[in-house]
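Data first, discussion second: the structure below is written as structure tokens.
First chain written, first letter: the chains are A, B, C, D, E and F, and each begins at residue 1.
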Amino acid sequence: MNVAANPPLAAVREVVARALAEDLGPLGDITSALLPPGATGRASFVPRADGVLAGRLAATEAFAQVDPALVVDWAADDGDPLAAGRPVGSVSGPLAPLLTGERTALNLLGRLSGVATLTRRYVEAAAGGTAVRDTRKTTPGLRALEKAAVRAGGGVNHRGSLSDGVLLKDNHLAGMTIGQAVGRSRRMWPGRSVQVECDTAEQVTEALAAGAELVLLDNMSPADVADCVSLVAGRCLVEVSGGVTLDTVAAYAAAGADLISVGALTYSAPILDIGLDMSV
Amino acid sequence: MNVAANPPLAAVREVVARALAEDLGPLGDITSALLPPGATGRASFVPRADGVLAGRLAATEAFAQVDPALVVDWAADDGDPLAAGRPVGSVSGPLAPLLTGERTALNLLGRLSGVATLTRRYVEAAAGGTAVRDTRKTTPGLRALEKAAVRAGGGVNHRGSLSDGVLLKDNHLAGMTIGQAVGRSRRMWPGRSVQVECDTAEQVTEALAAGAELVLLDNMSPADVADCVSLVAGRCLVEVSGGVTLDTVAAYAAAGADLISVGALTYSAPILDIGLDMSV
Amino acid sequence: MNVAANPPLAAVREVVARALAEDLGPLGDITSALLPPGATGRASFVPRADGVLAGRLAATEAFAQVDPALVVDWAADDGDPLAAGRPVGSVSGPLAPLLTGERTALNLLGRLSGVATLTRRYVEAAAGGTAVRDTRKTTPGLRALEKAAVRAGGGVNHRGSLSDGVLLKDNHLAGMTIGQAVGRSRRMWPGRSVQVECDTAEQVTEALAAGAELVLLDNMSPADVADCVSLVAGRCLVEVSGGVTLDTVAAYAAAGADLISVGALTYSAPILDIGLDMSV
Amino acid sequence: MNVAANPPLAAVREVVARALAEDLGPLGDITSALLPPGATGRASFVPRADGVLAGRLAATEAFAQVDPALVVDWAADDGDPLAAGRPVGSVSGPLAPLLTGERTALNLLGRLSGVATLTRRYVEAAAGGTAVRDTRKTTPGLRALEKAAVRAGGGVNHRGSLSDGVLLKDNHLAGMTIGQAVGRSRRMWPGRSVQVECDTAEQVTEALAAGAELVLLDNMSPADVADCVSLVAGRCLVEVSGGVTLDTVAAYAAAGADLISVGALTYSAPILDIGLDMSV
Amino acid sequence: MNVAANPPLAAVREVVARALAEDLGPLGDITSALLPPGATGRASFVPRADGVLAGRLAATEAFAQVDPALVVDWAADDGDPLAAGRPVGSVSGPLAPLLTGERTALNLLGRLSGVATLTRRYVEAAAGGTAVRDTRKTTPGLRALEKAAVRAGGGVNHRGSLSDGVLLKDNHLAGMTIGQAVGRSRRMWPGRSVQVECDTAEQVTEALAAGAELVLLDNMSPADVADCVSLVAGRCLVEVSGGVTLDTVAAYAAAGADLISVGALTYSAPILDIGLDMSV
Amino acid sequence: MNVAANPPLAAVREVVARALAEDLGPLGDITSALLPPGATGRASFVPRADGVLAGRLAATEAFAQVDPALVVDWAADDGDPLAAGRPVGSVSGPLAPLLTGERTALNLLGRLSGVATLTRRYVEAAAGGTAVRDTRKTTPGLRALEKAAVRAGGGVNHRGSLSDGVLLKDNHLAGMTIGQAVGRSRRMWPGRSVQVECDTAEQVTEALAAGAELVLLDNMSPADVADCVSLVAGRCLVEVSGGVTLDTVAAYAAAGADLISVGALTYSAPILDIGLDMSV
């Protein structure tokens, strides 16, 4: 088990409980209730496209919460590659609850594997020295699971919450210079990394002078990023953000950024279509 | 206020509370805490692209839960068109909580407006007599809000939960004919519409004979759909599902389907980028 | 196990957790705490009257949540008949938690078996072709369990929630004809059964013309019901509601109604007295 | 406002939130969504039978949680008598949410007024010196509200939870005499009233000798109760329980019991039918 | 297992779940995620000072909720004495979750053992006939666990909640005499012990005359307490409260009080430092 | 309002709701229910000792949740000094709920002001350049409120949760050197500050070489700390932890530590006794 890629267990349980509550309703699965008592089944998780697996814990939990008698097995771990058509796991047991849990399990598995898959594509495009980071643009209620899916895809996590670190944007500089704001941060939140969003080389210079641990270059071209990387010269981390796509990520990486943050990892990742095929 | 497009108020409150809890963490917004006490601000919601608005209630609630002193105003209703660059609402009041609530409000607004926007595109492509329907492929925890966003976009809702209606798929026909399953459903769940997924014209004939209220044609070509529509001849509703895209939806509509269900409405809708621009 | 008669597992767990929280309070069972450590016991569930069993899952869960060491066994399934004085199950293990869980288990078992028992009496009185249906007049917080108890008693379920189906009553026809309201429903909620409450034969005619799937005859006499059944002539389902009692249900069934809905099933069912007798 | 008859506010809110969640489902009230936007209404709470009011707070809260724009007014307080056909309050505002909240409000109002009404009948039958008490046989999840309804009806409350007081029954006397058990209770839970269930005069004598504050005479005849009352001679309270009915309560009261506890108050109270009549 | 010293199981689970949620955050334990996969460990709970154990269930639950694969063993029971440096239990299994759960387990164990230890010191100082009681000055959210820790330490519990018993203080006597208030209590809450806080011997006399079951002597000197004990002469219980310390508790006990209540047991108990030492 | 000293509003509401639920129980405040209807009152919050205020929001919320009709006013802000005997705020309105909410409000106010007061004493003893920091040794369930109280006292916050930052302790170095662990952290969690607990000057040297942003000197003497400060020479932050007391904090500050973390701030702070005095 890849510890680092797992979300906290309680978060998984809570997300699944909520998802099942909204999907079952007061009567439960009235269609599966038509099945003859005693019917059993076995089904395989089969990706319809290549990708990266994430969400195993959530899918397993979905079936367990519907009926503890269902058994789920996996042939791969979160973060492993998936090949279209090759089964990656199975669930077996009483047929009615198996069908009842199917949609919730697949909704989570497809969504999280979609995040991991898109992350992997960015990571591969960045090709090496530059890390790919998520943002706080996560799905409300699913942050812990989506951040874990980013890790499964080979990406790294930005702030988990607003408690995590200081990130000064334009709007936080109401009547303060960058230097004053960083100084204020050192006093109020000592021991925490201070990160400053910069739109221009002048702001980068100001942030460096103030001792920021990271400058976040917002909406710059790769050429401008390269200039700022030279300017910084290793004195702090350089992160790029804003509109980076799969087409442009390599250029930004080549420009020397340490990190590239991509909201789309969690905000606009297409799901990875994974189906559940019943064994005959 | 468009009653039909609104999700239950309690659902909105719960989603927002959960989203804020995960985004604020135990210390709250440590960056906004650097702001001078008493600072106030005003910001406008500005779409970066054309689209359809959804999620007003959720965005309003996000600010209200951070600080009841924040005032949110809207110039449009859920379901109204949005034009890139034209402000659609504003929030004003104490600056620190305004910045704290920003991401949660935008995450919800962008996601739900994305669902409404994609729905509207499908509805327009279907061009008239055919309704566009969502599925149960919603984001875990956000079903009530996403289903409302589909309505805002002009779409209609499929089952709210598994309690809602009988939808017989292959896997439910374990050892039963369609006729037997429909009959069983009539006895166990009388007064409910029975819908049957069909892969072939033979199954459609069987479902019709059994008295199904709707046949769900799965993964058929528009031509096959047209044949089934002729076969059905108005005796029940005809729904198309499976892989319908913006490119093909018009052809399916032209084939005479009453309904076209599209998982992508909630499963893979790109977010609609809506920003919050501070007034100078 | 009778799948169709079971409520969703999560609903059972939640109801039991809430019931125990309110019954144990902060100190727990201060009387049972007087028992000598190590005392064990065994007790049987013994009905004091004939009836129908429901609530097995809930009673089992009540003991499990107090102490996982308690073992509960059942000699019958939900929906099975109970004979006064004949034990239907047992619980054994540590004595203190057994006594602590007793009241919660019995409260649920008695209440749900009461619902199943009254339902069975209506079903038997209706004698055959007419189904007996519950309503939304369930105990707040217990809907999933009570609806399952109705199924255990041989009844069928009406709407699980307001999301489930369209049921037009007088008050919904504010300024609309039945035809207009049904038409509006077809557009907003296609694929869903539309049911119309009717007080007169004229309204039945109007509902039929509008294509309603079911007319709900409210507070009519059996004779009037028979007239409406003739009028409908099989073109839609006919349901009777309003003040039907055990004395009158046979007459309404004989009048040809397809369904008879009875609020009393969940609203006023006397509990079935089931005791817990300690073995000597 | 009758403070003593009110349940804790948070308990009311929680019960209502739960009830609405299960009644609205993910789509909300799909029938009321058909109403024309802007429609408003006014409706009166009208009892269909004489009785006693309880549950005002819960009914008010139900409408407020659906839509804060609804206004609820009451012409009577919990505990006041209700006359069949005479309106006791009203709700007015937007029509759609008014109809949405109706069933939840009435379910609570009818159920709680039913408890208060049955309690009042017992209290009146006991005619004076003897108090009528509830038990722990309350509806799971509704204890706080039902205990308040008992108070509204003029009854008094037994233990709120198992934390509240020591009540020694047969099963607690595993290998201990009454005297030993009472002694043990004095040491473990000093300052708390000890109550002992007695089946015979011998046990009453034993409990008295042990210094119990109350003896609970279980399933005795009025004559036996009178004997025990003489035996006790005011040295402790005498409570009667077990199968007391409206027909027998006067005899038990006449026998001199201080308290009569009646499980039926909450376990088997028929609802008081209260309707919501729309104003024309 | 000492039944009486255990809090309700559900209360333990809820406290632990809440504590872990706030300690893990959305990313979980990012430091332990650095550990090599497959690393395991074993650690012992070692008190750094003498004391009394409490909170075993909570500490066990903390590890179980992080990872069910962790095994916790105890060499002592709640209420047993602890010696500085002598291990009292151990936890073993996967290293990463072991370190993740450590702080939550120790926070609960140290805090609850601190309560038990301080209670034991008061109990020993009171030396015998006088019981030491807690108050409602418990940590918000931890009442059930802290009250159980008081029992583990040999103390007894005052009211579990405001529902538990009548305790008349000055402020409750708004315009009523003690006699009137006690009388009112007898009518509203018959069968419950009435306790009256008294500042003077006159009030004690008045409370006795009214038939109170207990007088709570507030902020009196040991000498005044002795006088009141003589005055009461066994007709009701005498409890002392208000500023009793470890230095003065013996004097109050010697003055003849039946009970001494000490807010500090839960309000100001220093934690008992218990560490978790990894085995080499 | 001191934004930085406030905990997230939702955290306050949740803590208060939980505290009231456990204190009110199913029957509510049965003593206050004896009060004559209509009685009102006014009371002042009066510190019994000098200190620092914290918990205003929580105390206000406690009364508001019991009865929205209660009005709370404050003459000081969190972080302001309190003088024994000088009122700092008041609550007025209906008397019964005022008395009901009193204990919950005071429990929170006393506890949080106790944390702020102890923090202030440490801050003043450290006398200037050295910041005083809390730890994760907070009360389970109260972290957000206690961390805010530390800020009110002039202290600064360590990690809010395990998600917040990397803090390498002995047990995390299973088979890794400090350099390897820091390197691994840079790859897995780039952009986050890495903090390393050191017991010796050698470890400090190793941590510096690895580029740690902070060394946490554990259980060193002031003299050893001074040596390490020289060794570090400003290249990273130096924090002291382990057994620092009010007596020794000045010496550690004088030794040049940037930060001193003190578990006792939240783990063992005596409450600040604040009473509620009724106005005559």
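In the analysis below, a residue touches a chain if its C-beta (ideal position, glycine included) is under 8 Å from a C-beta of that chain, and two chains touch if they have at least 3 such contacts.
Predicted model, so just to flag it, every value in this text is computed and none were measured.
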item	value
Set of chains whose contacts include both chain D and chain A	B, C, E, F
Shared interface numbering between chain E and chain A [over half = same, under half = different]	different
Chain whose Cα centroid lies at the greatest distance from that of chain B	E
Contact-richer chain pair [D-E vs D-F]	D-E
Most distant chain from chain C by Cα centroid	F
Computed distance of Cα centres, chain F from chain B, in Å	43
Where chain E and chain F are represented by their mean Cα positions, the distance between them in whole Å	22
Separation of mean Cα positions, chain C and chain B [Å, integer]	32
Multi-partner residues of chain E (each touching 2 or more other chains)	4, 22, 24-28, 32-35, 143-144, 157, 160-161, 163-165, 188-189, 192
Chain A residues touching chain F - in the complex, by the definition given at the top	4, 131, 133, 156-158, 160-161, 163-165, 187-193, 195, 213-214, 237, 239, 258-259
Residues of chain A touching chain D in the complex	22, 25-26
Partner chain A, residues of chain C touching it in the complex	1-4, 6-11, 143-144, 147, 157, 160-161, 163-164
Touching residues (chain side chain E, partner chain F) in the complex	15-16, 18-19, 22-36, 39, 41, 95, 99-100, 103-104, 107-108, 110-111, 136-144, 160-172, 174-176, 181, 184-185, 188-189, 192, 267-268, 270-271, 278
For the chain F and chain D complex, residues of the former touching the latter	17, 20-21, 24-28, 32-35, 37, 65-67, 96
